[in-house]
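Two complexes follow with chain A in common, the first pairing it with chain B and the second with chain C.
Let's turn to the complex of A and B:
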């Protein structure tokens, strides 16, 4: 286990270093003058040059790269052209909202995926709807789901709010930045329920596609496990079907869905950019969206690196979870 | 866990979730009628900053105009300058000295008196901060404050556009000297990034990036009290979400970016009102004369005439824009001066030249520039010109000046000048080093005419200089204004007092609104 974690840590450093390099090269390769765009159309050339110098963008590329690498190692990403603040601080402000949304969506996706996958195998009545869901759910993009959900649950039914994380003016913002958790820590059930209501639509919009993918893989995996000799033996010995499923078959069928869940989290983070924009969810997706419009490359690079690091960590956790679920896997 | 208990737990959880959703419905209904005292609006994007000496954007102007005031402003609906903090002003005969008399009993939001020394400190801060809008005071030689109500600005050289800079949306604003003194280490930049220190009818109560801003009424406001005690600004990047919120009554108005294709729905909706205001925004085609295919002015003219500008503008904008009368944005110069003529002409010469063009446009929420570029492609194809529209980010476009040979062939843009004076247009789009002169257009005669106009204190003689600059630039067919674009505001029908100034794009006066 320790060796596995060590190897993974070294691998992660390599991946992130490669990512930093690619991101830096992209920053320099993208045509244009983001400094001019940031200081404003009528700013004098002197102002533009002074700003370029202040940001170190007048230095030779190797110097800029070394500076950037140094900043990243120290946990910084440079100054945002758009907000004028350190990108690290900006990401720190926006990241909790995304973590909360992504966590909630993954929870829905995993629970939903397990439910769909299991029902598709054990319930003959659910087999046809499950097949429809597998085809339909996989082909509907999250932004379309978002718009459909908004139209039905906000506009037509008035059940759920359109945007933002909460409507409560004095909602707690600390200590974690995760509103659900902070509201519980501050004993504010009103904020908790309100935050939950705000999470439902963007969470569902993000969760449906991963849930279907997880469910589909789990179904295939379960069918294969059910065909194995030891399951037949368990049935023959008279073990109740529920025990066979939950104690034996499901555990051995979880490896592939867990891998899929890890992959889906990466895709989900990609979908966050659009879904956060539609729901005005103040996370790094929204931050990235605004930064792209502004060609704020340092902000874009910072978000890319944070998401990349998150992806590496999640996949390591998935490997650990797989090993825990399936004793045949050795780390 | 026994089965019964598990069933109860499951049922309880389901009931709790349902209750959450349903109770939310009631709560949401309540929010719509929550307070007649709150104005809800939305921005497509965050403000980069709330610092009036750094802020140089359009989204967010409504907030800045509500919390800060300058010496002058434009009267609603036109280009006439009126006093904001200044009661009156005089300009010396040589055009070098501007003397402003402040209104009586002016105060900042915290009650600090607003006098001429405070104005001087604010003007000096703008120069010291040295960001985008600092160019407006680049020509200042010195300031004088002979008494608390008199503020004098001495220029190094005459500048006929100076009063317009002071009336501009991004003009130097009066900033509370107490805040400047208490935060002098960084020129109060950190403080003013998210907080206000102005004298306007509102103050910034909350500034949360990515989420929105709350403005509350300035209880010490020296002028007329605004109707709404609170203004909630929500960051809502998606226009569809904004429209649904407006139709549901959760938003009071959408001040810009409303898709033109959706306007008929507004007209048929009794709960909504559509208002259209003239603006200085002028859609223009920049033709890259550095490219071989566009090097000849005759070819550029033939291309423009092949587009049939009148019908193009009508098809893209409908009634929300009109073809320019002259080379300047609407209202900057007498329409009879520097006239433009885009009558369709003989374009048969174009077909044999094998011209291929890329047409670049920058994104806008209403999608109108993409539509324009698409239609241009169709019309140019009809005369044998192969054009390809492409979207680009603003930063790419600002890099064109450094590499015009590899820049786009045609750039579609809708710039607006900072003020309602012809110099604020000519100097940015035609002048050799103009910041919006994307393809380095250069005509020494145009530069000379603009320079003469800037220092000419006789208004009629100055107008002739600007007319000459406009005529010369028009004849070169490098920067071609094709549409005077209106600002389209969609609001709740019961919202009154929607006031707009052509020189303040995408902005309505929040303090003038009532219900």
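Let's turn to the complex of A and C:
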């Protein structure tokens, strides 16, 4: 186990290093001259050269790379061209909203996926709806789902709010930045409910695709497990189907869906950019969206690094959790 | 996937002629999947032929915000462009871009997989380490970053997605090549003194083609969705070009007054993706059972 842990940790560090390298190369591969663009098209050549020197962009690429690496390791992403603030501070301000949304929809996706997968196997009535869901659910673009939700639940029925995280003016913003948690810490049930109502639509819009993917994988691995001898033995000795499922079959079928959940997190993080834009959710997806419109490369690079690192770390943890739960999983 | 009536592969083939074998294969494909293949082909044909029967997608054809009618099947948008025409053109762009991504991913990934699988040794380790590293990164986010850094255009979006797509094909081709390399016909070819290049392209590569086709057909659905998503956040061709994601994004402002403007292109993406999903399953069944 110790060796497995060490090797996986080293692997994760290698991947993170590759991520920084790709992001660095992206910033150098930009078409045109970003320095001239930032000081203004009419600036004299001397001014451009001076700015280039100030930014260290006149150094050879390996030196620039080393500088950038050092900067990133210390947690600095440079100054945003659009907001004029340090990208790190910007991300820090926007990140909690995204963590709350992504965490909420990942929870919905896992719970929903388990439900769909189990129902598709144990209930014959649910087999056809499940099949339709597997085909249709995986094919809905998240923006279409979001727009339909808004049209029905906000515009037609007025059940749920349209946008933002809360409509309470004095909602607590500290200490975690996660509204659900902060409102509980400040004993504000009104804010908690309001925040939850704001989470539902964007959360569902993000959760459908990963839920379907998880359900699909769980279904096939459950079917596989149900074919094995020990399950037949359990049935034969008269164990009720419910205990066969929950105590024996489900546990052994969970490995593949868990891996799928980790992979789906990457898709979900891509979807965050779209859904946050539609629901005006003040997270790093919205920040990235605005940075793209402004061609703010440092901000784009910063968000990519933070999101990418989060994804790599979560997936490494998933691997470790699986290795801890199942001694057969080794390198 | 549900297990369907399986035609016994291989054994029966010996006593069948080509048409019978083809028929036996087709029976292994479910009804829904067949419908998917037909609908997908139909959509491709219609959208390719779009210029012949719809109006120019970037000119105003009448008043803005008209609801769907016989004259304008899906209504008109905020500047009076015919939405049906734009959706048709948008579908064409959508699947042509998907094919472009798949083609470049197959060329790059296939070549890397082929070299890694055929050479083995440290070349294999190095190339697969690189591939795994890319697979471990969050694809959509990286694609957004690449496309955004290169500047918003359809070509750059295709490049951005292709950058995160090739590793899957590299893994797939490498695995196939490794298992093929252990087969007797490859040993025979090697012993008869075939050059390394001929061995790779003539004796190893053809065996890797069927799984690549299956994966590619399953990928079309994901790519149609990914492209629409990136186009929605402004990574795609600039404004007046008919792109499904961008149309939905711009039309979102009129959701409450003229819902067909954002919903029509969104539904087009959905229909295209469902057809591609079913067709992909069908093609997989066709190859797996054959």
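Convention: the second predicted complex is superposed on the first by the 289 of 331 C-alpha atoms of A that agree within 3 Å, B and C clash if a C-alpha of one lies under 4 Å from a C-alpha of the other, contacts with A are read in each partner's own complex, and residues count from 1 in each chain.
Here is the rule we use: contacts are C-beta pairs under 8 Å (C-beta built on N, C-alpha and C of every residue); 3 or more make two chains touch, one makes a residue touch a chain.
Everything quoted here is computed from the prediction, not taken from an experiment.
**Student:** Output check: A:292 vs chain B and chain C. Expected answer is one of first, second, both, neither. What do you get?
**Tutor:** Both partners, chain B and chain C.
**Student:** Let me test your reading of the model: by the given contact rule, A:259 touches which partner, first (chain B), second (chain C), both or neither?
**Tutor:** So A:259 meets neither chain B nor chain C here.
**Student:** Of the two partner chains, chain B (first) and chain C (second), which one does A:147 touch, if any: first, second, both, or neither?
**Tutor:** So A:147 meets both chain B and chain C here.
**Student:** Just checking: does A:277 make contact with chain B only, chain C only, both, or neither of them? Give me first, second, both or neither.
**Tutor:** Both: A:277 reaches chain B and chain C.
**Student:** Between chain B (first) and chain C (second), which, if any, makes contact with A:311: first, second, both or neither?
**Tutor:** A:311 sits against chain C, while chain B stays out of touch.
**Student:** After the superposition on A, what does A:155 contact: first (chain B), second (chain C), both or neither?
**Tutor:** Touch status of A:155: both partners.
**Student:** Considering only touches as defined above, state whether A:26 meets chain B (first), chain C (second), both or neither.
**Tutor:** So A:26 only meets chain C here.
**Student:** Touching A:176, do we find chain B (first), chain C (second), both, or neither?
**Tutor:** A:176 sits against neither chain B nor chain C.
**Student:** Answer with first, second, both or neither: which of chain B and chain C does A:90 touch in the superposed model?
**Tutor:** After superposition on chain A, A:90 lies in contact with chain B alone.
**Student:** Across the two complexes, find the residues of chain A that touch chain B and also touch chain C.
**Tutor:** 30-31, 147, 150-151, 155, 277-278, 289, 292-293, 295
**Student:** Which stretch or stretches of chain B touch chain A in the complex?
**Tutor:** 20-25, 27-29, 31, 45-46, 48-49, 54, 56-57, 130-135, 138, 193, 208-212, 234-238, 240-241, 244-245, 247-248, 250, 363, 393-399, 401-403, 415, 418, 428, 433, 435-436
**Student:** Applying the document's contact rule, which stretches of chain A touch chain B when the two form their complex?
**Tutor:** Answer in residue numbers: 30-34, 36-45, 47, 50-51, 82-85, 90, 93-94, 97, 147, 150-151, 154-155, 157-165, 167, 193-194, 196-197, 200, 277-280, 282-283, 286-287, 289-290, 292-295.
**Student:** Could you please specify the touching residues of chain A with respect to chain C in the complex?
**Tutor:** 11-12, 14-15, 18-19, 22-23, 26-27, 29-31, 131, 135-136, 138-144, 147-148, 150-151, 155, 220, 265-267, 269-271, 273-274, 277-278, 288-289, 291-293, 295, 297, 300-301, 303-304, 307-308, 311-312, 315
**Student:** Applying the document's contact rule, which stretches of chain C touch chain A when the two form their complex?
**Tutor:** Listed in rising order, the residues of chain C that touch chain A are 1-2, 32, 133-134, 136-146, 148-152, 221, 225-226, 228-229, 232-235, 245, 248-249, 252, 255-256, 259, 262-263, 266-267, 269-270, 273-274, 276-278.
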